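Here come two complexes built around chain A, the first alongside chain B, the second alongside chain C.
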Partner chain A sequence: MKNSFVVKDSIKTAAYNLSTLWILLAITVFFGIFGNNFLKGGNISNIINQAGFLAIIGVSQLVVILTGGINLSIGSCMALSTVLLGPLMLAKAEMPFALIFVMVVVCGGLIGIINGFMVTLLNIPAFLATFATMYVARGAAWLYIGKGVYYGINENIRFFATGVLFRIGTFRVTMPMVLAAVFLAGMAFFITKSNIGRKIYFTGSNPEAARFSGIPTQRIVIFAHILSGLISGFAGIMYVARINAADANLGVTYHFDAISVALIGGAIMSGGSGSIWGVAAGAVIISVIQSGMNNMQVPTELQTAFLGVLIIVAVCFNTFLQKKKIQNTERHITDLAGKTVKGGAQA
Partner chain B sequence: MGKSFEKGASFKVANLVEFKNITKRFPGVVALNNASATLREGEVHVLVGENGAGKSTLMKILSGAYTPDAGGLVVGGRAIEKNSPALAAELGISMIYQELNLIPELSVMQNLFLGHEKQKLFFTDNRGMYGEAKKYLEMLNLNIDPKTQVKNIGAGTQQMVEIAKALSKDSRILVLDEPTSSLADSEIKELFRIIKLLRDRGVGMFYISHRLEELYEIGDRVTVMRDGSVIGTYGINEIGMDKMIEQIAGRAIRSLFPHARKEARETVLEVKNCHGDRFRDVSLKVRSGEIVGLSGLIGSGRTELARAIFGIDPYYCGEILLNGKKVPAKNPQKSVARGIGLLPEDRKVQGLSLLKGIRENMVVTSLDRLGRRGFTNMAREKNLCAGYVRSLSIATPSIEKLAGFLSGGTQQKVVIAKWLIADLKLFIFDEPTRGIDVGAKSEIYRLMDGLVGKGAAILMISSDLPEILGMSDRIYVMAEGRIRGELDRGEATQTKILQYAYRQESTGGVYE
Partner chain C sequence: MNKESILRNIGSLPNSTYVFVVITLVCAAGIPNFASANNISTLLQQSCILTLLSVAMALSIITKGIDLSVGGVVSFAGIIMALLMSSGAGEGLAILIGFIAAMVFGFLNGFIIVKLKVAPFIATFGMMGIAQGVANLLSNKRAIYLTDQAGLIKLRLIPFLRHNLLEIDLGGGQILGINMIVVITAAVLVLLLLLYKKTVLSAYMYALGNNAETAKLSNINVDFWNIFVYMLTGLLAGIASLLMLLRLNSAQPTAGDGLEFQAVVAAVLGGNPLSGGKGSLPGAIMGALTVFVVRNGLTLVGANSNFIMIILGVVLVLGMIMNDVASRGFKAKGACKQ
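Our next item is the complex of A and B:
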């Protein structure tokens, strides 16, 4: 009897853990039925392509949210790091791809260091610190580039953001899909299995207990901001390569998109909770909805409003699930408390 | 002292408050057991007892925060069926806590009228409030402008403003919970002057304090509490301080503790003339194989000292040495690496992340050591945690259960396990058994005994005197940030500890 109880319980827990996927499934079915050729291979590959990009900025946001912070400077960071190195990215500069990639990403990381120092050493709340960086970095990008854009990006770079590897029917397997998948898998492994990743989670879940356990919480927070900056740099390259131009106005609202992705993917703003796969699912959900609403010719204004509603629903739903999950655990414990007396006697 | 009332007088004085055989149970503890007490008009009734004796619980029943399980409460001759904070306020009961409840950013006046601002039509009547505030402050002979921001006045004056606030609500019954603990001597004098003033106006006051000497200056009657029971109520002049200490301390239960003295070996921790935020000129030693008790009242600087040793807080001069080598200041990470661990006072906030599982909480101190090249070695981790769950008999179906859903004793065992895994030389236990039932308590004692048996050193902070006496090989007693005395296991008694803790020189009488 106890066994069946435990099994039923773990099935329930698993079902809760996969909650984001259920939402995704429901939305896809909805657009599949009411949309026009929504589930065609070509459209699906567009959706995934876009989702890959959203997932990357979502992860950039997630690593900071996990510490209990927030990063509002993602879009500005993408713009500044790519604009600064814009001249080198142009086809005529003929720079090797790897070198440019490293330089842009490092540039993003430097912006992350500034955020990290402000949050820890100066004790400025992450919201304010990154809010300020958002303006400073954007302003710097404008100052640097003036009015123009760097147009005509190196083909080697462009390949990573637009290249098609092969086709299955009308479904295109593209380079960015593969890159995003590898990135997500790598990050998922890193954040759950590395010591530093686990320290990020623990610090976010209870900074006080983390400090009392000998975790260098300040360094962990700085690290998370640097990581977020590095990923923003990476996202910047992907974006610039796709639109074939480095532009100071790039991604003005991307920090918000990144928050949406993370929240819909189950991250909790107070920190310590959220996963890479959740973010990936959140990114696909947003991508499906955007594509589906375009497909059904819903006006953009309405789409934006709908996204807002979706975030509220997702947050409520996550809270509900969290509570359910905890209740489940609690019931289990209470149930067990009755049995420990007997269990203890056997031991 | 009081002019209008003669203490212990035979004529009838109206009882403002009567507690009649109050019993209050919490899960696992009887906080109040058949406790009775009265408060007369115009008297200062002092409550004394160890931490956890039931004083605060009794006062919370008066303020409506708790409902008694049995017994009755009579306020002003009226039997109170169902007390609540709102009803208590209506009855003219005001509580003044040790921690001040004023809002620093607001003015004295705004604080006085917070929640019941005067209105003229739709506007707040600032002039009216100013005048009234001035009146109450003058009543207390307080020479401050009601428009002063609270953050700009001292702790003592803030305490007075709290009292003025109680006056503005026309309170007849005041509860002062350790009002002097954060005050300087001159401020205490001022407070006492006001308390006497109120007494002469017929206000009844319950006064909780750990500073026994001041009770004689301010109290009319004293009630001693121990383990939730009222031991006795006396006129202040009927009971001497020695007798009072004896009553507070009560029984000795050394036999419940399994600790047998081990051979103390080399010095593990040495603190030399350390100064910190709440402690001064502290020197102590803890040797391997030894449990050293750190006793003293709450607020005597014990916890602050522990935090400084572990590196949470800074210390300003002197040095802290572990095995003869200086411990880096304000760096818990290095302290853990060197072999110091702190079981914090508040396990739910500082000890555990309640939303993480048992395993995650247990290994958090030792991630770098347990992992392989910076990455988790999950098999090793799970084995290790399962091993500790078994050896500490932690009641849980799985090592992944959320820490928030374990009982207090089980949670404490998880915190202990996380430091056992960290492989320490020095364990600092801050109130290791607070809020834990007796069964789990004795298991924790056995664990501590086992640890020193294996050569670890333990510094144990505790407010529980029997625990300090039963477990410690040596005892340091702190008072007001300083170490006031050092006692060996053989010579230590509750009375001696309390005498040091209350800064009272021994008057010759030895009890027990």
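Our next item is the complex of A and C:
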């Protein structure tokens, strides 16, 4: 009797844990049936290619959400850091790729430092501080660039966002897929195995307890914001390389994309819960939805509205799942406790 | 009134009043055209929309929430009104439906926050996306003009609501005009302040913001009042969108973009700390006026609108620091009543 309960519970827990995958499966089947040529190799490779871009900004959001904050300035950060270094990225500047890459990423990190300081030292709630940065950074980008765009990006940089490595049938394995996979694997390792990664989780799940166990929570939060800024810089290069122009208008709605990717990936707003692989799955889901909506010719304007709905639904859903998980664990624990008590009485 | 009570009265004014006075004096002294009658008329007229929105923002902040969807609702309600008017529905009806649509958005905000227990900023942030998306969809991303070339649509109410009620010629081309927009705003604000001060609303809102649990135990219908506040916020955003329509003579799907940010800046500057349970509506009004004086002053000096955005961000941070220092100062003196 008891055993079957335990098995049932663990199956349930597994089902909850894999909830993102079930959603992915459901919508893929939906668009596969109702869409037009949706499940063809070419389209699938487009979806995964796009998901690679989304996953990067999703991770940028995740590291901040894990600490219990939020970063609304990702899109603006991408725009500002690439626009500032736009002249160097042009083909005619002939700068080495590695140097530009480092400079842009560092530039994103600097914006992250400002966010981090506002959140910790000035005690401004994360959403408001990053909300301010969102407008300030966008304004600065416009101010710097005036009305123009930097068009014609260095081919070496472009290769990282548009290069096709090889083909399997109509399925193209592209550079962004490989980059995103490597990046996700690296981040997953960093955030689950490294000392500082664990501290980020701990700080988010219970800041008081974390502080009392000697974790410098303020420094961890600042670090998370810097990391988020660095990743935003990286995402900025990828997007600029893809559209072949650095533009102050880059990613005006990416704060929506980033939040929805992270939330659908199972991150919880109060912090301490969420995983890199969840974000990857979330990115694929958003990408499938976007591609499916384009496929079914839903107007692009509706897609922003849809992301808004999705964010709210995802938050409710995650809270529900969290509650269920806790209930399950509690029942599990009481079950186990009952067993030991009984066992003790028999002995 | 003796000297001490005057001092105490001045001391209890919202912080933003001092900031407002100082900044206005600096602008008047330093910028040649600032204190002219023409400029003051435009300044008053332009600041109306933000004033309403910042009061709306203050309402939600006092109850420990925030409403980031006001900008989106301004665009959305404006599009609804303009579409109805240009399709031949009566102006009064169109405005009414616009207000109702804005209140429905407010209700949804409140419902998601209260019943589905989503954090206010994320719920209203999502609603902001929804409002912007629907506004773009309905308008096809184009501005909707109230007067077409053929002049087929005869509008009576709109021109009336837009005309200058009072014009005082000060000579030398300087005309001090009081616009109907200013009158509408003033009337709405007076009504709102009466509703706020003379009914239970303010007491309930402070109770909600301070400690929702205690409020519940004191038999306050927390859920109802919370949703009510968001509906009020939505209605104010709807009125702001009418003013936007009057001022631009057209509805644009991007009309409200960024307004929520300015409203937050104004409300925070007006002494509404985001921790909730504290704050004042007159403070928010002064905050909005301050923001507009800063914007107007910078524009007169020739600053770019993007530069103004940056300055506003800095002002927000300064406002937060000011609130922090002020509350600490009060606590140190033991003068904090709340």
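To be clear about the criterion, the second predicted complex is superposed on the first by the 330 of 347 C-alpha atoms of A that agree within 3 Å, B and C clash if a C-alpha of one lies under 4 Å from a C-alpha of the other, contacts with A are read in each partner's own complex, and residues count from 1 in each chain.
What we mean here is this: a contact is a pair of C-beta atoms (placed from the backbone, for glycine too) under 8 Å apart; a residue touches a chain by one contact, two chains touch by 3 or more.
Here the structure is a predicted model, which means the values were calculated and not measured.
Enquirer: I want to verify the contact counts: of chain B and chain C, which reaches more residues of chain A?
Expert: C
Enquirer: Have a look at where A:G272 lands relative to chain B and chain C in the superposition and call it first, second, both or neither.
Expert: In the superposed model, A:G272 contacts chain B only, not chain C.
Enquirer: For A:E208 in the superposed arrangement: first (chain B), second (chain C), both or neither?
Expert: first
Enquirer: Does chain B (first) or chain C (second) touch A:Q218, or do both, or does neither?
Expert: neither
Enquirer: Under the contact rule defined above, give the chain A residues that sit at the interface with chain B and also at the interface with chain C.
Expert: Touching chain B in the first complex and chain C in the second, no residue of chain A appears in both lists.
Enquirer: If we count contacts the way the header does, which residues on chain A are in touch with chain B in the complex?
Expert: 6, 193-196, 198-199, 201-202, 205-206, 208-216, 272-273, 326, 329-330, 332-333, 336-337, 340, 344, 347
Enquirer: Applying the document's contact rule, which stretches of chain C touch chain A when the two form their complex?
Expert: Residues of chain C touching chain A: 66, 68, 112, 116-119, 121-123, 125-130, 132-134, 136-137, 141, 258, 261, 264, 268, 274, 304, 306-310, 312-314, 316-317, 320-321, 324.
Enquirer: Going by the contact rule at the top, pick out the chain A residues touching chain C in the complex.
Expert: 70, 72, 118, 122-125, 127-129, 131-136, 138-140, 142-143, 253, 256, 259, 269, 299, 301-309, 311-312, 315-316, 319
Enquirer: Show me the residue ranges of chain B that touch chain A in the complex, using the header's touch definition.
Expert: 310, 312, 332-333, 335-337, 341-342, 344, 349-356, 360, 364-365, 367-368, 371, 374-376, 378, 393, 395-397, 401-402, 404-407, 418, 422
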